[in-house]
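As structure tokens, the structure follows; a few thoughts come after it.
Order of writing sets the labels: A, B, C and D. Residues in every chain begin at 1.
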């Protein structure tokens, strides 16, 4: 087992593990900054959604990945952040103020939700968050004087210091927020607060015996996670420029949990990977749908088969790719296959690929099974 | 007034009285051991002292303070740290991370400071790190510093538990069967470390233990329990020679 | 001072110029010598796929037929259809894909309110037309005079508000109703119905009675029905889609309660009596077109049914016609625009006031410079002996005023 | 008072359906600690299958019921084998997500196979009512209540008196011990899934006369969650009791409370109960041993 020889204690948990990491992250950031000048708005839009999802992923990583608390109602926090933004903007609050305030406001809501978490475990907590999400959705739909109920709210484009943020401007805003949120999350994780979360996740009993006030840290985890999701909600509201209660349904909450499951529960990198997957899966499936008939056509022509056969196969392919609901079928299968064969998520795969290249040519196939369970049996 | 006193401590689970009117005192600087057959209520007593359980009656006094009604995390805050019989380490984290959790009561920063990683946070982090490294030096855990607990052998984990408890900076250390699951060599090493912790770091030790050779080697005084009741209290030799204790162990 | 004056003068000049249709104002893309690309997104896998799937099939059939007949002024239509699962986020991305990657000339018959609202700024920003969405929401046709890009939006879907108002008015006047109630789906669609309900009652100076709601996908309507019954309602306006409408009338019938019912376009479909059987007998319905039946259809409707059956293996339903009409209306106006098809020439053709009539006997569609909602009239029907029978055509709640 | 009784009856009937779905959750949870989010979808699949038997093949209702339940039992075992078996022992989170994926797949397949239209089957209970004084009782409501009682009795007898039932119970109480005692644990899991799919299927068919059969029927599973949690998520009578509670609460709040309460009543009650008893009404509260 290799371990670094340390020269001092100051570098106990550096932001970057090595000079190479600094370099590659700098390259990534430079690429993201250059993106609006290089790629089409369609891809820029995808990047914005990826960033919004990544922020939610980070939020859920703190709550579930770090502190081991389950939530399948995070769409409610997204909704609270989004509606806060819409209302604040309407009342002329500037963006520099309402963006962080959306986080704070949602954070308080998260704190209140966190209170029952002190007594609930596992599936009970999960269902309680679900119930909370339904109730929030109903309140938004009914509180017409503020939320316009089911009609929804239109948001004018965001403006910063009097300047209307265009597509690029908004992209940079999202990029900035994403980077800040990730930095904040890293800071949390490598601090006493983050270690307390981890302790609660792995053994609540031991955590208490180490002097950790588990109740206060659980609510802190909820508040932090909700707050970050609220900021994502603010960005989401602007990106969509229209919000209505049905945009924050259970399906959205489940999408969010998918982010961290597919990305990998423990690492922040997993949250980002998961966000990329959740957003990109749909466009990729669309492109596949468009391309597969073209490819098969080309292939069939290459085989010099009789025309009737070519046409029959082509018709069959078209029938399959155009079957309504095919996409959700494929998506469902991807999820199942992923969980079975890639239980540590995309981040787990990334780690193994990296390890493989590091140890090349001595690398051996290691087991893909997870070494342990993070959320322990509830039957205690 | 002694350093640590348990007075008439009793706990009932349903109809069962697991700890029955137990009283004893521990002097500062000694190693005090509780022995007894399986089901004697030793671990229950431990859980009462570390406040994972709430006593039905009785008092726990630590340094002139009644700590009977404090919560488990407050107990740790007073400088009472413990280990667990079946190991309750934070398995997905590294050894260093585990030890740093032990330092929790020494950190004074709040969540927002942690987010911003203010100067105070950085200063404290360095201090925590130094303390943890020192403990690792004492217990020779340096080579496991960055290894995840899940990947470590049982014997090492047992030592890490002790290390984590030491990081709390305790004046009273509760060790719950430190030698269980260890082989002879590891048990010997454990005995050395207990003595070293007691003598060099001047930490008072309250211990539950089965292995009589270990008990004899390190304990100043021994308390024997059976069915939640006190049987004998004295030096290791005295207690071992006590007829009730012999009878209890032989099962007559 | 001078520079500002010059600037505003320039702006005035520019806007003045822009107002003249002769000058190119909006972008044109997706039109080649042989092809016109149109894009759409519908729900094919989400909660309203029972609308999206047949509508998309109808659209595919229409495109097939238009192309088989030689296309539009020699250009074939290429339809690109995306499944948005009724997720506004996906709709945004897909619309962007349709605009930027597929270079669609126009977005035609996109489905749903939230799913068309969120991407609307993109379509308008790209200077493309947004035609005949399958939603009756106001923003799909309402124009703000200050926004020239609002001229890009056209709709020919009878608003739920209008049809429901007409229905309530018609039934109340003809049947001497004293206590009309409403049960509605608790969402944006339901909001249209309740607005229609309260406005119409205000108009007729009848006090409002019980209003009850349910969530989409609800299964049990006993308490809603019991409330209306306890209130003594003699007309129930059903602001619901087929399944819930059936559930409500069935629950009422089991309680031995038989008020009059009126439904609007979402329930004005044959499925209502197919699924509801006896319980739905006598219900009044208001919608855009007359309802056809495969066994009694004649002429063009019969041809449509046969072609549809041949292509998809099942009978079309009313939802299929909305997609079919969308593509057909597009073809009609694009044909009018002539060989030089641009976004501007298309808008010009549509605003010309030329009337588009569909094959299903729907109300005639026409647009003008300041009205981009193509329909103003609706058809009223009633279920008699298990079939919708048309009892009045070309009606509007505004008519007699 | 008449209104109250009327609402109570429809509430109990609806509650029984929730209870039956919740029963499916509980069976699987007890045995494998898996929370099956696809339970609602499995119910929907069962209901659609009954359409094929009753309408397409024109079989007798009772025969169809039987065939349907058998078919679903087989499908349940297949699902367990294909999706759940490989991930046994993974983090709970992942398993829950896998069942959500399973639900997506079932939904999509149902859409592809049966189309997207709402469907209806003729049952002996459709539309019939009988009256006691002014009280109207629908046959479908009564059929659900009676079937739930019978099913619960059958399940009780199964777990109490049959060898397999006892073995299943042993497995759910202590997997390892059961394994050492020579119980084929893995086969027990397949059986549990079969059993749960059968119960879900029965719920789906019983529900058919009340609502139509459609692709969104699975969302009812979400309503069954509060039922299961209320009942303690590990208790079979608890699940049914929880379901009935939710059904009655919904029904009465729909009638007596202002608009909007009906839809969230179940969740408000759930939160209230959880705050008062964190393990549900029938849950066991056991502290972790250290």
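Here are some notes:
By definition in this document, a residue touches a chain if its C-beta (ideal position, glycine included) is under 8 Å from a C-beta of that chain, and two chains touch if they have at least 3 such contacts.
This structure is a prediction, so every number in the text was calculated from the model and none was measured.
Between chain B and chain C, the least number of touching-chain steps is 2.
The interface with the greater number of C-beta contacts, when A-C is set against A-D, is A-D. Farthest chain from chain A (centres taken as the mean of C-alpha atoms): B. Computed centre separation for the pair chain C/chain D is 38 angstrom, with centres defined by C-alpha atoms. For this pair, chain B with chain D, the centres built from the Cα atoms lie 48 Å apart. Centre-to-centre separation between chain A and chain D, using Cα means, comes to 32 Å. Residue positions of chain B with contacts to 2 or more other chains are 52, 84, 88.
Shared contact sites, meaning residues of chain D that touch two or more other chains, fall at 107-108, 111, 116, 259-260, 263, 290.
Touching two or more other chains at once are residues 141, 205, 324-326, 328, 374 of chain A.
Taken together, the chain D residues at the contact with chain A in this complex read 29, 33, 35, 83, 86-87, 89-98, 100-105, 107-109, 111-112, 116, 222, 225-226, 229, 233-234, 259-260, 263-264, 267-268, 270-271, 274-275, 278-280, 286-288, 290. Those residues of chain A that touch chain B in the complex are listed here as 1, 3-4, 9-10, 12-13, 184, 187-188, 190-196, 198-199, 201-203, 205-214, 220, 224, 266, 371-372, 374. Note for the complex: chain A touches chain D at residues 64, 70, 116, 119-124, 126-128, 130-132, 134-135, 138, 141-142, 205, 250, 254, 257-258, 261, 265, 323-326, 328-329, 331-336, 339-340, 343, 370, 373-375, 377-380. Residues 45, 47, 49-50, 52-54, 186, 211-215, 217-220, 222-224, 226-227, 230, 242-243, 246-247, 250, 253-256, 271, 274-275, 277-279, 314, 317 of chain C are the ones that touch chain D when the two sit in their complex. Contacts from chain C toward chain A in the complex involve residues 44-46, 49, 52-53, 56, 80-83, 85, 87-90, 92-94, 96-97, 99-101, 113-114, 117-118, 121, 186-188, 190-191.
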